[in-house]
Structures are given as structure tokens and as C-alpha cells.
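Two complexes, one shared chain (chain A), two partners (chain B, chain C).
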Partner chain A sequence: MSDATNYVTLTIDAVEVKVEAGTTVLQAAEHAGIVVPHYCYHPGIPSRPAQCRMCLVEIEGQPKLQPSCVFPAQDGMVVYTTSETAETARKSVIEFLLLNHPLDCPICDAAGQCMLQDYAFETGQLRSRYAEAKLVLGRDRVADDILYFGDRCIVCTRCVRFMEELAGDNALVVAQRGHKAYIDTFPGKDLDNAFRGNIVDVCPVGALVHEDFVFKARAWDMDSSPGICPGCSTGCNIDINVKENQIVRTKPRLNPDVNSYWMCDHGRRHLVMANRGVRAEAPLIRVDGELEPASWNEALTWIAGRLEAGDGAAVVSGGAANESLFYMRGLLSELGIDGGTFRVLQGEEITLPGFPKLKLRADRAPNVTGAELHGFKRSDELADVPDGGVLIVLGDALADAPADYGANAGFFLCVGSHLYPAMVNATAILPMTSVLEMEGTFVNYEGRVQRFHQALRAPGVARPAWMSLSRLLEHRGVGEGVLDARAAFQTMAAGTTGMDNLSWSGLGLRGELLSEAGQPAVAVE
Partner chain B sequence: MGYPYSHDLEVNTLLSRHFGDEKARTLEGWKELGGYATLPRALEMEPGAITEVVKESGLRGRGGAGFPTGVKWSFMPQEPTGPHYLCCNADESEPGAFKDREILRWVPHLLIEGCLIAARAIRAEHVYIYVRGEFFPFSRIVTDAVVEAYEAGYVGENILGSGWNCDVTVHIGAGAYIAGEETGLMSSLMGGRAEPWIKPPFPAQAGVFGRPTTVNNVETLAAVPMIVAEGADWYRQWGTEKSPGTKLWCCSGHLVRPGTYELPMGIALKDVIYDVCGGAPNGKKIKAVIPGGSSTAMLTADELDCEGTYEGMAEAGSALGTASPIVMDEDTNIVRAMRRIAQFYAHESCGQCVQCREGTSWTAQLLHRIERGEGSLSDIDTLYHLCEQMTGRTICPLADSVVFPLRSSLDKFRDEYEALIRC
Partner chain C sequence: MKNPIHPAAASSQAFQIAEIRPIERLFEDDEGRDRLEKALSRYPEKRAALLPMLGYAQERNGWVSDESMEQIAGALDLTPAYVRSVATFYTMYNKHPVGRHFIQVCTCISCHLHEADEVFERFLAETGTRAGEVSEDGKYTVIEAECLGACGFATAVQVNDRYFENVTPDQIPAILDELD
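What follows is the complex of A and B.
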């Protein structure tokens, strides 16, 4: 029975914990800092079949062990998660799960972050009493890009339930039954859902693996950085797994306000593609008609001395960080150039029905709202360049520009990460880090400012655009160059409508909404 | 009468009176035999009054668990906020049990009448008769009977002019033992795999299609019309205080006269086996009996003097279950019999709970190895360990079902296991 405020107090392993009525014992234990091992329960998947029997705990007054993932916490309840009965039962579940398991951890991609491996080590069973021949199920391809290792599968059905309950697509089923049960696509159906990649993330063992990741990296050989997916304007929170400065895998990172535990496959592919392309690695300035490499100081002094206020145009990208856009705006003001445009690639919008806030949104750029906040206008066309005027391009806006774009400009400054054909017309090129190689912030479709961390080392001497542009301004006698993302953010926040309520540390890993003044004009759905 | 089974005991048969009489299958014939006489009376009764009569009669669920039927009905919401459902569990799949199919094939209208009265009691307006997939001819008979009943106005809209509507749907299962477990049955009925779900929610809260549901066995529902017609006291003239009424016994195995017999509750198990069924043929001695269908604990020949009631069999260390004794004579290889049972459960495990999915199959393999003479003494310890870990650890009692016979066979016939290991 709950008290007036609807809280219940219970004791779990001698720790007293107060939780809201309706909380399960497993969640209550989490509050108390006690992890009850589990497989089939996943906090993001609504159904609780209580079928893995791993989270069985002893509860005083209950004749049998109870699955803590569904058993409601009650006032005065006394729970033991590590009593002898509970421990023996757990040990036994592990023994059962390992009966037909191939024990191929040395080649398994989940090794090192496998819940079966972890608990098997924890229960410390070195030998199996199983003397029979193991059932061999082999491997299969459940989707174009996902492999299924049947022998490793513990049939927790998280993947099936994700597809059914979150993706609203019952393409996956449990085939057969009993000890012969395995996961397969429904006869006649293909697993081609735009969110199918999440089944790999929810798999607690190494049964489901992305084919582009299989055998590529061990868990302990990868670095992981919290990032924001640049694939669309949703701004899914992700972890970027990097090995030898290459992105090998991306996984969604929990943010209940944005993407919950999920992300779409477009985002995953988009990020792995970020390894590609020809990069700008050093500042280039046009000397005697040729683009010549220069040191940063040399290039900035050279550019600062030649840029003249007057007629001009600016092109930015909806994929650039807020800080870069802020200093871009500063430079444009200094030169007396108004406006500036950006183009946004459009695509099909796809919703995750079980968490409708998460969509692959039509705007396939992460910082459209941010660009608009800094006064840049969305446009379908590249900006017209006034003859002999100034053209400044920030970010990857020229990927599909005609080869003569900017040739008529008097001074064409390009701050970009990749080299594209039209950049041969530039007067100077400043190499920029991609958003994966720097720290900064994006503003997503609903006005949430989110921080991303550096995942990769930049090539050559590429620098974040906020750094090079603030230094360029310094060379022209405006303000000071900033050398770290915090300073860039704080300068920007103080000088940007809607951001004055934000602080770098306050953003944390979950982000913060812009204040009302900065909210995007389009109503949030 | 074309019914093949008979015995020398004088018993007043209630459910099985018309077994073997083709006439009872047709609506016309069934009405001549006095069928559908109780339904009009039930339609005049308050739902609560019907439940009360059944409660007083002490009728207990014939599916094996023996839960009091009237009490189960009283769990249903008294004031419906939407549809209620009645599911008739005709997924008789327990090895050794063959009583429900006799009701289905000989007296389908008795079942339909029982379903309608029960539906009235629980305020349901839709009955699903879930028939085991393998029962091809019997589901046909029931379906024909339902069609006849619709045509005659016993089922459908405005039944017998009472203004009450009730539909009956015959649903044919796809062949899974676990569809006989009530939540498994409901999962299957809703189009899913026959996978039991964890309670709560109990069926009376949220069953089929998320609505309050009662699941009753065929034999239970078939007993309802006569109880409502004749009253609780009349029904209580048979059986004991705690287990009143009559029960269909399904006797199989090494017996002179195997078959389905209707006997009053409380008859001693040994009387069923020796007097009714004539004991083991060819003068053989009986070695063991699994009294209530394959999921109950084995009894040795010396333990058969027990009362054939739910509580009497529990006292003897086993269970009445579906009252389906499987008799094994002295020549039976207990390990082999046990291995066959374990294989059945391994084959039928739905595969949700780990203990059941892996444990039943491991048990079957271990037993097979011992049977082949390749076992070791430590295998017996492992089997005991499995018994412990498969009891009370799972969503439904399928894993427990293999443990009951297994543990009892290990306790009572350990020498047979050891003999195979040492040979």
C-alpha cells in the first residue's frame, strides 16, 4: 500500500529505498545502486515477458522466486537479490544458456560488452556438466546488413519485440519452439525497416551483428565519444566508436527527450560514410594566381589584410556548428555583408511509431535551426555572387556547386573540410575540421541545444571554423581569437538571442532548450 | 450402444450417459434426450445466481488444477465495462488424457449448453471453443453442432426470445501442448504463438483481447447444465465434501480394459485400476502408475490405495490432474518411459523461459544417455539438480510437469537408473 504521496519504501539487500508506487523491484534496485542481472527486460521496450528468468529475486513472504522486472515494489517489502536461492537460480540460468552456446568469445564481436559473458564470469562456472552434442544453428542474414548468429542467441526476443512494438513492423519472429527456437524473418517478409539497426543494439549477446562491423574491432580496442548524429535535424544522441581514427560503429545514446534508446539506419550509414572524401589539410592562399600552402598565421594575416568591406555574399551549411556560424556572422558584420544562405538536402520523413518523437526528418542536416538562429536563410539555390564582390563559404556547401562558382568574385574565402571542384576559384581556403573532429553544439528541430564531443583526429592542420574565424577577426582588430569550445560557446551564448540562458556545463549530455525568444518559428510537433 | 467401454461397477453416469449414441450428436436427437432444457431456466436466472449454484455444488476445474469453478467465475467483474469472454479449453493434449474429446464427439450440444450457461453467469456474450488442432473429426462434430444451435436459435441473437445475445466460435488450434495452458490458449486464440504470459494480469482482469475472460475445461462446462437444472445438493450426492460430483477417468497403459469411465469422485485409485480396468493383462504385476496424466508424480504399486480426489491424490504425493492413470507393468523400463515423457515436454516447451527451454531438452538427453547404458552416477545428481531448478522458476508449469514424474521416478526407481548405469 502506498502512502499519501504515492511512494513506497522497501528494503533491497539491506538497502532501504523509496520509490514511486508502481515501480518494479528491478527498477527500485537500480535506484539503490543494485544491478539485478537481466536479459529480456529492456527499459526502452514496453513489453515485459519475464521470460529470461535471470532477474529472479527472493522476496520475503513469496513462496517462489519472483521476476523483479515485473514484480511491483510494495511498502515494507524485503528483497534479496543475492540470497543463496536467487544466486543458485541465476547460476543455473547461465548454465542453461551456455548448454548450446558455442563459447566463441575470442571471435565474437560482442565480447567485452556481452551480458552473457559478463554474468558467466560473475557466476564463475568454468565447466559445463553438459556432455551431449551441442545444437548447431549456424548463421544467417536477417537483413541486407545484419547477420544473425543462431548459436549465440539466447532467445530473449528483444529484437522481435523492438520490431513489433517500436518499429511497428512484425518482420521478425521466433521460429520453431523450445530449445530449437531461433529468430528469423516472417516467411515472405523482408527486414528492411529504416530503424532495424536498433535490433543489434538491443541484443544483449553477439547474436545480431551489423555486417559492416563484423570482425572489425574488439570492444576494448575502440574509443567511444558522445556525439550528435549529423544525419538529420532530429539530433539523435549517439556514441561514436572509433578505431585507428576511423568510425567503425555508431550506437544510439540514451536521451529520453530526443531519441530514447534508438536511432535510424540512415544516421548510422551517414556516419560511417564520414570517413570518406578528399580533405583540406592546410591553409591555401592565392599567390601569383596559384593556391599555395601557408602557415595559419601567414594565411590569416594575408586574408585579414585583403578582405574589404563592401558588396558580398555568404553561403553556409546547416551542418556547421553553432559556434562556427556565430563567428561567421561576426565576420560578415565586420565586412558589412547582410544575410547569407544555406541549402538543406531534403529526404523522406520516417517515424519510429513506438517513439514518434524520433523521426528521420526531411531536413537532412543537424543544425538548420542553429543556422536560422544566426540569421542565415534557407534557400534552394546557391547565393548569387556579385561581380568583384566578396564571397565567403563556410562548411560543405559546395559539394555540388558548378565548377565556375565564385570565379567572378573579387575575394573568395572558403572555410571547408573537404575539397570540391568549385574551390579552385577560391582566393583562400582555410581547412576546417568536420563536426566529428571538433567540439561544438547543434540546435535540433525543436530548439534543443546539444553538445557533441570530438571523435576523430583532424587531418593536417585543420582547425574548427570557430577558431580560425575568431582569429581572423582578431587579425582585423575585432575581439580575441578563441582557442577552446567552451569559450567559443560562452561568447556565442552571451551574444545570441535565445541562448542567454545556456551555459556550456549546463548543456551536459542531454542538451537544453533555447529560451522562448530563440525557439524555432515552426511549431514543435 | 456403440460405445466400446464398459465395466462391472454400478455407477450413475451423468456426462457419459449418451456416449456412443449417434443420436446425441444431432440437435433433434439431443432434444429428445432432454437437451437444452436447462438453458431457458438459466436465461431467467440472474448471472450471480447461476454462479452461486455452481459455487455451492463445489464443482472443481476438470482441466487438472481443480480450482473451484464458481469461485473462478466470481472473479469476473460484476458490472461489465465492455465485452467479457468465455473460453472453453478443448485443447486436450496431456498424454494419457482422452476425456474431453469424448464429450466433443458424442455430446457436443451438452457442451454448447454448458458454455451458454457459463457465459450467462460471467456476463460474456462470446464463447470461444478452442479445439486442439489434431482433433480433426471432433472439431467437425462440434462445429456442426454449433451451426445447428445457431439455426435453432439457441446461439446467436436474442436467444430463445430472452433478448440475450451470445455467439459461439469454434477455434481450431495449430497443435501445441502449451495452448492448453490458459494464457497460452489465449495468446494462440489472439493469433500469436501459444506462449503463456506471466500473471498478473489474470484472465479475469485482462484475458483475450485485453478483456475479462474465464477459461474453463470441456468437462467442467459439460457438468454445468445438470448442476443448474438439478441443484447443488443433487450434484453433491456423488464424490466427497471437497471434491463433489463425478469424473471422467481415462485409463491407459497395461490394462485389461483401458478406456474412459465416468466414476464418482473419491473412488480409490486401486479400484479404478483393478476393478474397473481389470488390472494388468497376462497376469503381470503393476510396477508404477502415473495417476493424473503424464505431468503427475509416479506411484508404485504399493501406493495405489489412495482416494481419487484432488486432495486425496495430493496426500498420496501425486495429483489427480486430469484423472488419467497411465499404468506400467513389471516389464516396463522406467528410464525409457521417463525419457519418452521428457522428450514430449522438450518438444512441447514454448521456449520462453530458459529453465524450461534448455532444461527439458537436457533432461531428455541425459535420460536417453542413461537408457543407452552410457550414463554415469553423477548424471543422477544432475537430474536432481535439474528437478530443483525447473520447479517454480518459470512462467507456466510446463517445466514442473516434467519434474513431477522425473523426481518421483528417481526417488522410487533409482535402482533401475543405477542398473542401467552399472551394466
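What follows is the complex of A and C.
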């Protein structure tokens, strides 16, 4: 920030705040920790229509109440957000919004996270003075996965403006006017934008709801953990909402450096799929030709004793955490195996025009840069297995592998979260947590190291790959097994080019860029 | 003249009226292109020509159909949804088919004092419709209108672009005859 920045000092509810000139009163109040109720204003959407009239505040010297979302803060200004006039105005706005509102909070998916509910409760109007019949608008579908409940809608137009200004597709509009106004698409032209799911997130009430979330969970029944979307190499910051160890919803989490307030629909769908599949729950070792379950100690000792240094191949995944890849590299070095490859599913690249940094990127894996950083090479082909050599597979589903893949290997170690048909030839299988069940880090397309937290409980005795691999190394007499993500990260950061500037606590919830030495070769726009 | 259509379904009978009065495409003949060009020449940006074009669609077809909205959107580089948003905002664009003679009876205060209600009822009776419906033969639609600005000549009745002033219930059969 340069010294030339102009600052203004104003008083909001007796709190003195110093903000940059041009800041609105509402934002200035936020600086002072005062929340001015608002609906149509959304920090991620550029336009400020000031149409909901909820953020009206009293400003000394102004003849009327002013909408604080557009009114610029000025030097010496004295603002009251909770004066009697402001409160009365707010109360009237709420009363108007509730005229035709069905008050169906008990079955509404937004209940508990609804700005209308919160403010109505806050203003304390427990009874309506409106005795007439309510207008019924009913329910509509605006996209194949999004429902619109017209009666709950307060026509703040956040969704309309998101589609117009961020998604660049003016396909959602306000139809009719006055008390009959509702949000609609053109008949027969539902939203098909790849970022349409965000209209559900910006909706301050329960008017727009994802169909795959509808009636699934109440706001207070869900746990939420900060994660990184594993859908592509952008690494959007997300909140994963979990109920009874099942992902029920994902929401974007603010990170101005990566995804702002948004995420794409591919990511949302991708994560809900994480509930599916047959999981590996216990270590399996091949005894007398059959894969038999074993305890971790038994399995690790068994494997450590049979792995022989020499010729070998390794297949990893661009979806594995950095820490896992680091210990994988450690194991490969111990066995004298160079290289190792990973394959990345490719898809169409789609940009969010209003925030072009956010793209659904062609690399549909979260840690491609990280895998390259740890010395693994991108490849289109599955690695060839030398006869009698060691094959180690980490995280790759081997979906397209021939039925005898790995059968010629002397030792085929599979570290995987799911049991896939191609694992039938494995000598040993170590159950791995998915990235939703562990802590760790990814490096996104621009070299930003981002930390993700555990969202789900792992099935059986599945463990993060960094834990099992480091312990396998310990069983072979190399180093010590690590049991927590922080230690794994710190060991990795110290031993990896480009990561020496990073610290676990420094990553925080925003992530940090790799140092220059580790920056990905591809230019960042 | 009996109308079998239930009032709830009345204004959704597009298929019925379409037989009698096909919906014309707007910008595929000289007249349409000419109107579009003239409207565009008056404004700095294309979007501004939206209201005149909606008006033209109504002038040509009697109402603004979804197809018309799509054609206008195509001509003005707008999304059909946006065109619909504007068209539905203004109540005087008909979003449903109307009869060839669109009869608007003023029932505001001055006309009300001069038997406007009786005039309106008589129109409904004579045409065999209910308010807003299209008559079976596709000829008439009768609605109540807000002030037509002819308070000095109550009751005022507007049929398409033509005004009938000082209308009394007795004159209505003659007016309807005249329309045909």
C-alpha cells in the first residue's frame, strides 16, 4: 500500500474507524466490527443496486436515511446504524419482505443460515399485521440441479447479477414486477453455465436450493471443515459440509488469491461422488497366493522384509497430498528406483469471466504441480513393469490397466483408498485415506501450497499414505515414522526444493506460494 | 356465442388463436427490417430499441409471444430471458394471445360514474367472453383498462388503436357490428 493512499476517519456507532477513501459506509462498519444488515449487497458481485433498503443508516447532516452499501465514507462523518430511525426503517423492510413469505422455515433448507430468518428474529416482529391472503408463487426449476422457491424469494437479484456480471450469461432475470416479481429463466432455456451453482451460495434466503441437497440436512446438523477442492489444479478453497460421515454439500470458501467467493459445478459434483465406491479398510498381504488382512505392524514388517532394491517402476497420482508424495519419493530412493510417473485426467477448460483467475482447469487433479515438484513425470501411459522388479502404485485407480498389470512384478505394492479390479495382482495393499479423510497440502497450478483439513472419518484402519509410507521406511531402518500432518509437512518442507520458505502455521487458510526455485515452469497469467 | 373455455385456461389457448391468426416472424420481410433499422438509428446502443421492438411485435401479432421475444433478442444481441424480463415488467404488452379486436373499457373514476361497469358487462355479454378471454371465433378480447385519458368523454372504450367515446351500453351491438 503506497503512502499516497487517502484515508478518512469516521465515527460509526461511537466507534472511530480509519478507512481508505472510497470505502463505503457498510465496509467501514465491517472494519469496526459492526454488521449492517443487508441483502442485495454481496462483496463478490460488482454492482450495488441498493434496492433491498435493508442497509439504511442514519448519517448526521443527511436529510434522509442512506443506503450504506453505496454511500462513501467521508472524513468526520457520524453514522448511526442502530438509531431509532434506522431500526424503524429496517423493521418496515422486514415487515414488507415477510408479507407474502410462507414462513416455512421448518422445512426450508436455508433455516439456520438464512439472513431473512436472522434479521426477522433480530427485529423481533413475532406477529404479522397482514391479515390478507398471501400471494403464492410456487416452485420452479431454473437449472437441472437447482430449484427455485418463489415464495421464499426476496428478489435481492444477487443470483441475477451473479449470472450477468460474473458468469457473463444474462440467462436469469426478474420477471413481472412489484409483489408479483420472481426470478426466472426463459421458458425452455434452463441455466447450463458451469458456474451456476454459485447462485445457490449467494442466495441470502432459501429461494434457490441445490436439488441434491434439498431436505437432506439442517444447517445445525452438519459439520463443516475447510478443504481444497480436488476437482482440478485450481485448488478452490471450499467448506465441506458433512452429516453422519457423508458429504452433503460443498460451498466455496473465500480466498481472494484463488477462487474469490466462487467455485465451479464440476467441483461440487465431484465431491459428492466421494461418498461412493468400495474402500480398502485393512492392510492386505499375499499369503499362500491369497490376499489376507493383517494388522499394520504385521503388514509393514512383512512388506519391509520382502521389498528388494533394484529395478522397479512407480505410478503415483496427481491427487495425492504432497506429504504422501514426499515419503513415496523417499521409499523409491531407498529402493534405488528413479523417476515414477503419474497420469492426469484431462477435461475442457472453463473460465469464470467475472473472475478470470478462477478456471475449471484442464488438469483434473489438485496436485499436479506438487507431483512434479517431487520428481514425478506426467505421462499418458501406464508405466511398464520390469520383470521381477518392484512396482509401487500410490493412489492411481488403474482403471484402464490390463488384467495382468503388475503380474510380472517381483513385488507389487499398492497404496490405495479404494479396491479396484486391477489391484488383484498386488502382493500387498495398504489402505489409504482419501484426501477428504486426512490432513495435508496440495500445490495448485500457480505454485500455491494450500492446506486441507480432515472432513470425514476414514473407513476401517485406513491411514494417510504419508503415515504408512514413513512407517514402512522406519521398518526398513530409514528415519522415523511420522504420526501427524504437521511433522510430515515440516520434514517435507525442509527436504524439498522450493518449499524451504514454508511453515505449517504460515500456510493458514489462504496458502503460500512456493519460493522461486519451486515455481512451476508454466507461466502464470 | 357460447365460450366453452374455462376462464383459468382462457389466456393460454395460443394454439387455438394461432390457427385463426398465425404468428408472423418479425424481421424477415422489408417492413420488419425497416422498423428495426429505424429504431436502432435513434439510440446509441442496440438494447435501447427493445421497447419499440416489443411494441412492434404487439402491433403485428396482437401480442408478444415467446417466439417474438426470441426474435427480438436475436436482433438486438440480448438474451431471450432479458427480453422476457422487460416484456413482463410492462403490463400493456400482452403476453397471451388476444382477439383481433382488443377491447379495453375504461373503468376509472370518471367513466365509472358514467356506467362503465355496465358497458364492460355488456361487452362481455355481447362477445360471450369473460374478462381477458379470447372469444371462440378469435375476434374479441375484452378487458378493463386503467384511465384512457378521455375523462371528458366517459365512458371511453379503446378498440385496438381506435377510441370510442361517450359509450353507453345500448350502443354496444352497433359498435361490435361496425368492427366487423
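Annotations
In this text, the second predicted complex is superposed on the first by the 517 of 525 C-alpha atoms of A that agree within 3 Å, B and C clash if a C-alpha of one lies under 4 Å from a C-alpha of the other, contacts with A are read in each partner's own complex, and residues count from 1 in each chain.
The rule is short, and it goes like this: contacts are C-beta pairs under 8 Å (C-beta built on N, C-alpha and C of every residue); 3 or more make two chains touch, one makes a residue touch a chain.
Bear in mind that the values here come from a model prediction, so they are computed numbers and not experimental data.
Of the two partner chains placed by superposition, A:Val15 touches none, neither chain B nor chain C. Looking at the superposed arrangement, the partner reaching more residues of chain A, out of chain B and chain C, is B. Look at A:Leu99: by the touch rule set out above, it reaches chain B but stays clear of chain C. Touch criterion not met for A:Val478: it reaches neither chain B nor chain C. Once chain A of one complex is fitted onto chain A of the other, the partner contacts of A:Leu291 are absent, as it touches neither chain B nor chain C.
In the superposition on chain A, contact is made by A:Ala50 with chain B only, not with chain C. In the overlay built on the shared chain, the residue A:Ala282 is in contact with neither chain B nor chain C.
In the superposition on chain A, contact of A:Tyr130 is made with chain B only, not with chain C. Judged by the touch definition given at the top, the superposed model places A:Val174 against both chain B and chain C.
Note: residues 174, 176-177 of chain A belong to the chain B contact set and to the chain C contact set alike, using the contact criterion stated above. Residue ranges on chain B touching chain A, taken from their complex, read 176, 193, 195, 197-198, 346-355, 357-362, 365-366, 369, 378, 382, 385, 389, 392-395.
Of all residues in chain A, only 169-177, 184-187, 189 touch chain C in the complex they form. Those residues of chain C that touch chain A in the complex are listed here as 66, 69-70, 78-82, 84-85, 88-89. Contact residues on chain A toward chain B in their complex (touch as defined above): 48-54, 56, 63-65, 67, 70, 88-89, 92-93, 96-97, 99-100, 129-132, 154-155, 157, 174, 176-181.
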